[in-house]
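In what follows, subunit A forms one complex with subunit B and a second complex with subunit C.
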Partner chain A sequence: MEANRDKSPSHPPRGKGALRRACGRVPLLGWLLAILCAVLLEHYLGKALADLLGLRKIPVLLGVVTILKKPLLMPKTVLFVFLIYALPIGLTARLIREPANWLAERLMRMPVLIPAAVHLAILYAILHIWGDVSAYRVLTLKLTLIAVMLTLSLNVINGYMGEFSCSHPGFMALGAYATSVFTVGLFATDKIFGPALLPEALGVYLFPVALFLGGMVAALGALVIAIPSFRTRGDYLAIISLAFLFIVKSMIENLEFVGGPRGLSSQPDYASLPMVFSACALCVWIINNFVRSTIGKALNAVRDDEMAADAMTVNTRRTKMVAFMFAAFWAGVAGGLFAHVLRYVNPATFGIQKLAEVLAMVYFGGLNSVYGSIVGAVSLSMLSEALRPLEIFKWIIIPLLLILVMIFRPTGLIAFKEFDGRRLMQPRNRPDNEV
Partner chain B sequence: MVFFLQNIINALQWGSFYAMIALGYSMVYSILMLFNFAHGDIFMVGAYIGFGVATGLVTLSATGFIALPGWVILVLTILLSMFLTSFVGMIVERVGYRPLRDAPRASAAITGLMIGIILETGNLALMGARRVSFPPLIESVTYNIGGVFVTNKKILIVVVSLAFMLALHLFVQRTRYGMAMRAMAFDFVVVPLMGVPVNTIARLTFAIGSALAAVAGILFGLAYPVLDPYMGIVFGWKAFVAAILGGRGSIMGATLAGFLLGFIEIFVAMIFPSTLRDLIAYSIILLILVFRPHGFFGEPYSARLRL
Partner chain C sequence: MRKGLKWIAAVSVITLLLAPVAWGKAELIKVGINAPMTGDIPKVGEGSKFAAQMWLEDIKAAGGLDVGGVKHPVELVIEDNESKAESAVKTNTKMITEDEVLVIVGPQSSKQAVPAGDVANNYKTPMISPWSTNPDTTKDRPYVFRGCFLDPFQGPVVANFITNEFGFTKAAVLYDVASDYPKGLAEFFKKAWEELHGPGSVVAYESFTTKDADFSSQLTNIINSGAEVLFTPQYYNEVALIVQQAHELGWKKPIVGSDSWGSAETIELCGAACHGLFFSTHYAAAGATGKTKEFIDRYQAKHGYIPDDVAALTWDALGIVGQAISTCGKITGDVEDDRQCVRDAMAKIKEYDGITGKMTFTEEGDPIKCAVIVKISDKGEYEFYKSVCP
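Moving on, here comes the complex of A and B:
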């Protein structure tokens, strides 16, 4: 994740610093391998080093939490982070620069799926080993990955299509409840739905089906917004979507068979880290292809000038409908995962607060950009976890940060930028490897 | 029938809160084409400022230094809180909206949301999580008119809010500043060239909207004397819905839609179980917007109004 945010491949290193020059030509593969080394180091030596330094346990989120909780431990924590992360990553990346470039070049000559799979596998290994240290890290990772899915899907509507949709928590709720009803009803013994109907061993394999169903329910719900969007745009559509959110929330509160306002619990523990990770990777891949396809361009055309797009043979109705249903589908899948990560949902989760959170991630990261959504979701969810010791002042710092971003970069940090996986994975040893 | 009349009175009271808050949204919208998403929280801040002023005045008169009757305290509270809250509105405008006037409109919506969160959290940090209760400034008297129970507070709330709406209407229609506002709502590009000071008018609009929100907050505190930092969220978003439903930027529309929303909510709760209130109320709104996509008094979608 750190590597994703690193300097873009197309520019030669501009910085004056020696550090930048030394690390400039390391390909993504090199960074990933270096981070893998660091997390392995932490996995095997972290506990010993923490004991040696007199820290009670391994600092959870790069030491920020520890520093904020106990400022006195700051030197030790910084030293720990430096010894475990910064130094090994820097050294390894520098040392394996040439082999990594060679490997990246060999990989890129194969069909693109192979290097992509290799990169994803290393990324997963990093997350898995990093998360192995504590259950808290795993939970944070899962929620972050879900936030990435949500942000991306909202960006399809708010960024690529240029509407201001407020209904995303509603879609999420539909997905969460549909998926939960499916799994709880079939595979879990529960006081609302009675004993499990199918053997529990089958559940893990049918969980993707449940997620798909949840997504489809959310996509059907999106029709309620997609059809009015033919005639109206902008603020009125924002209100229609807001009304939709309230309606969904209120409807679930009144449905007794899913627990009403008390919520629905005892979801089986199916949303493991590999499951969430693969759903998220699939989501990024599909949404990235979607927005770069003809229909993605049609979305931009509708955003920039609906009438002109219509005149240029863009079927605006179909485009809007597809975009809404597509985005809602992924929001529903994310909701289903969310329900199974927390193993409890209640309607109050999917309210205005959630809406503000997702909107903030989209606009912080950047409109019209897959890159931006990933950066926005990851940085805001990590930040809100890291600032947890500040208690309520967290909710003054994060909004202030967002206001500053909006003032100085009104479309977000990384807006209007294409996410090109092929380019990301290129070797970096030639200064001008772009076309 | 009596039951029905009783609910009409309740709906009038409930609707006047919505209408007063919706006016603030609508005024800002008509001039800057932006929604002030912090408005619901300005309502909350107004209620708290009113609480502070009222408590201060009550304590002052209890010491016997200047003994003030309850209604004088109420009038003073309303005026002082309007004055103080209008500064909150002006600060919000300066910090969150003026730097973003040329930015995409959605970005300004995000700053508004974030300022709202800051106001809530700031309040929580200052006042703590406990709820505060608004001092009962006037004695509650209940009149029985043919079986319909009307309290003097309800009458007061409806009358005061109608009076403020009328005053706003006169201000916008009859004064030079009001004329400047209407001109800016009509054309944001040319009117500044004619010598209308854009920033002053924008600040004034925020100040007036916030002052109205403060009045709504105090009246709310009189009727339901428990304040908490998150009270602005529910009210703010519902009033926002009312402002849009009335037709964006239309003061008349916002007032009517505010009352309509109050009526819908009260009558839905009267006929159906009250848990279904939001479900049915918003379904009605959704239907209205499907068939009248521009609200009651709004102009149809045009290129100028894109997000």
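Moving on, here comes the complex of A and C:
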């Protein structure tokens, strides 16, 4: 996840500081390799260093939890984070700047898929090695990646199309239940659906199919919202979509064959980190292409002025329908993954609280921006995880942050910014790349 | 930059020197508490936390937990699960893999205990949920236990009590269809009642949805059905509304409830309307004797209110944990071996004498224990009425 945080220095530097200028000339590839070095260092030396410093374990989320729980350990934890992360990342990034730029340039001459695959592979390696240290990190990573998918898909409706939709947990619930019914019914022995119908070994390979089905069910459900959205806008659509959320919730509560309010458990353990990571990468890639395509521009046109868009030959009905179904599809996939990470779903999970969480991530991160969604989802998930020891004060700090963001950046942290993968991967040794 | 580095070096050397010396020989025992400190039911989390802290005081006063003649220091790891399923799973994972707790107490509500129990079972860590009533929490999970009786037991208890006490044959049920616990209990009650009095003896079986506040249409149906008693397994906020509205509509017959009534809030919200009603629960605060009274008095003196059943059940769960660790015989420091040892010791516990009754675990990890029928006195106290054993 540091990868996302550290993307910001790779943007063109605004300040004139020497440090920033030096950072600005390291390409994304360099940063990724530097972070890879740091996580490798932690993997091999972290335990020894923690023992040496008298820390019982490797600080799990960059030491924040340790500091909040035991303030006395703060200097040691800060020292650990400095020695394992800050120093190696800084040094390696500086040292490999030239080779990384050269490599990035060579890579960019090839078809764009190859450098993209290389970057993603390094990013995955970072997450994998970082998560290898503890199961808690892996779980946090998985749920964060799922939050990214959810936030991004809600941003398509609330940010790019400018409608205020409250039905996202409903789509998520549809996807979660459809996927769970598929996998539990076919590959697991449980008390509702009886013994497994197909050999369990097949399950992992058919899991993407299950996720796709979950997404499709959610997309079908989205029609219920999309059709009224032809005639209603603003507050009224928000209310309709809220009603949809309640309809889905009480429908599942009354469906005995999926367990009713008791929920559905014993999903097989298919949502591994590679699975969640590839789903998330696919989601970011496809949504990014979607919003930058003609139909994405049509969404913006509908948001800015529906009548004008109609006059300019934008088929507004089709646009709305596609946007709703597309966003719901990814929410459904995210829901399916969520159900298999927890291995339990119940309807109460998909209520107003979930809605507030996703909305907060969208508006915190920034409307109309893929960057923003990633930043919002990652920062809010990590923050709420790291501040857990504060108990009730956490619920003062996070809303306060939201209020501050709304005052100083009313559209969110990184709003209206295009996510251009190609530019992101460019070498940065020439000043003309630093636009 | 260099000055900064020097400072960091200096500060870290000083703290290294000041670091507390490791505990002597005895291994530190860590007990995890997974409780909803924030979210929908913070009062439940507070009760769990307070009970756990009282338990820790006792252990500290005794100089540590006695395992095979060695006194081991004990530390509580209290984590907030925000009353969310995913947070309960994260918290359990964190406590097991990061804090390396020996045993976990919690989560309290079933929506968290079911997924969190899966984590505990996968990591072979003993977990005891004091309050969760969903059968799935412990089903096929050798490492997961619970501290309360189950709904398939409580339903018949209430049905038998009404039949023996009042001799009624026609009952009505009003429950929340969207909530796991009331729905399950309503079904078990209906089944037990119909076994006693034949099919059709539950003359009205009415439902509503969570957060409904007006029950007049359901209550009118119930009154018109000719039922002699109303059973409503609801939480305290709904109990007050249901009882008051029933009385306004002219219902004068008894209303009977379940352990979800057992919060101090019930009587505060309901007032005189609830006086004289019965419910089944885990323990009765008024007129308690012996250890139970001792616990209630201590809790009340410290925190200013009478502990509800969650606190009492958490207290008992911790007592069971303590006994299991003691009877395990020896704590080696290898947390995986110790967890296995504690789990085996816990499964073998016979007739644990807790403040909510005597407990023996079945193979599933569910306790066999007695239920208590409580009468709400005219002073609004929960008085012991009778005890029903399986």
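General remarks:
What we mean here is this: the second predicted complex is superposed on the first by the 417 of 435 C-alpha atoms of A that agree within 3 Å, B and C clash if a C-alpha of one lies under 4 Å from a C-alpha of the other, contacts with A are read in each partner's own complex, and residues count from 1 in each chain.
In this text, a contact is a pair of C-beta atoms (placed from the backbone, for glycine too) under 8 Å apart; a residue touches a chain by one contact, two chains touch by 3 or more.
All of these numbers come straight from a predicted model, not from anything done at the bench.
By the touch criterion defined above, A:84 reaches neither subunit B nor subunit C.
Once chain A of one complex is fitted onto chain A of the other, the partner contacts of A:233 are limited to subunit B, with no touch recorded for subunit C.
Look at A:253: by the touch rule set out above, it reaches both subunit B and subunit C. In the overlay built on the shared chain, the residue A:333 is in contact with neither subunit B nor subunit C. Of the two partner chains placed by the overlay, only subunit C lies in contact with A:346; subunit B stays clear of it.
In the superposition on chain A, A:392 contacts both subunit B and subunit C.
Contact with subunit C, but none with subunit B, is seen for A:53 once the two complexes are overlaid on the shared chain. Shared-chain residue A:164: touches subunit B; no touch with subunit C. Common to the subunit B and subunit C contact sets on subunit A are residues 249-250, 253-254, 392, 395. Residue ranges on subunit A touching subunit B, taken from their complex, read 158, 162-164, 224, 227-228, 231-236, 238-240, 242-244, 246-247, 249-251, 253-254, 305, 352, 356, 359-360, 363, 367, 392-393, 395-396, 399-400, 402-403, 406-407, 410-411. Against subunit A, in their complex, subunit C makes its touches with residues 8, 11-12, 14-16, 19, 37-39, 42, 79-80, 84-87, 89-91, 93-94, 96-98, 110-111, 114-115, 118, 123, 134, 136, 177-180, 183-184, 209. Residues 53-54, 57, 60, 72, 75-76, 78-79, 82, 134-136, 139-140, 143, 249-250, 253-254, 260-263, 265, 338, 341-344, 346-349, 353, 385, 388-389, 391-392, 394-395 of subunit A are the ones touching subunit C in the complex. For subunit B in complex with subunit A, the touching residues are 35, 95-96, 99-100, 103-104, 106-111, 113-115, 117-118, 120-122, 124-125, 233, 237, 240-241, 244-245, 248, 275-279, 282-283, 285-286, 289-290, 293-295, 298, 301, 303, 305-307.
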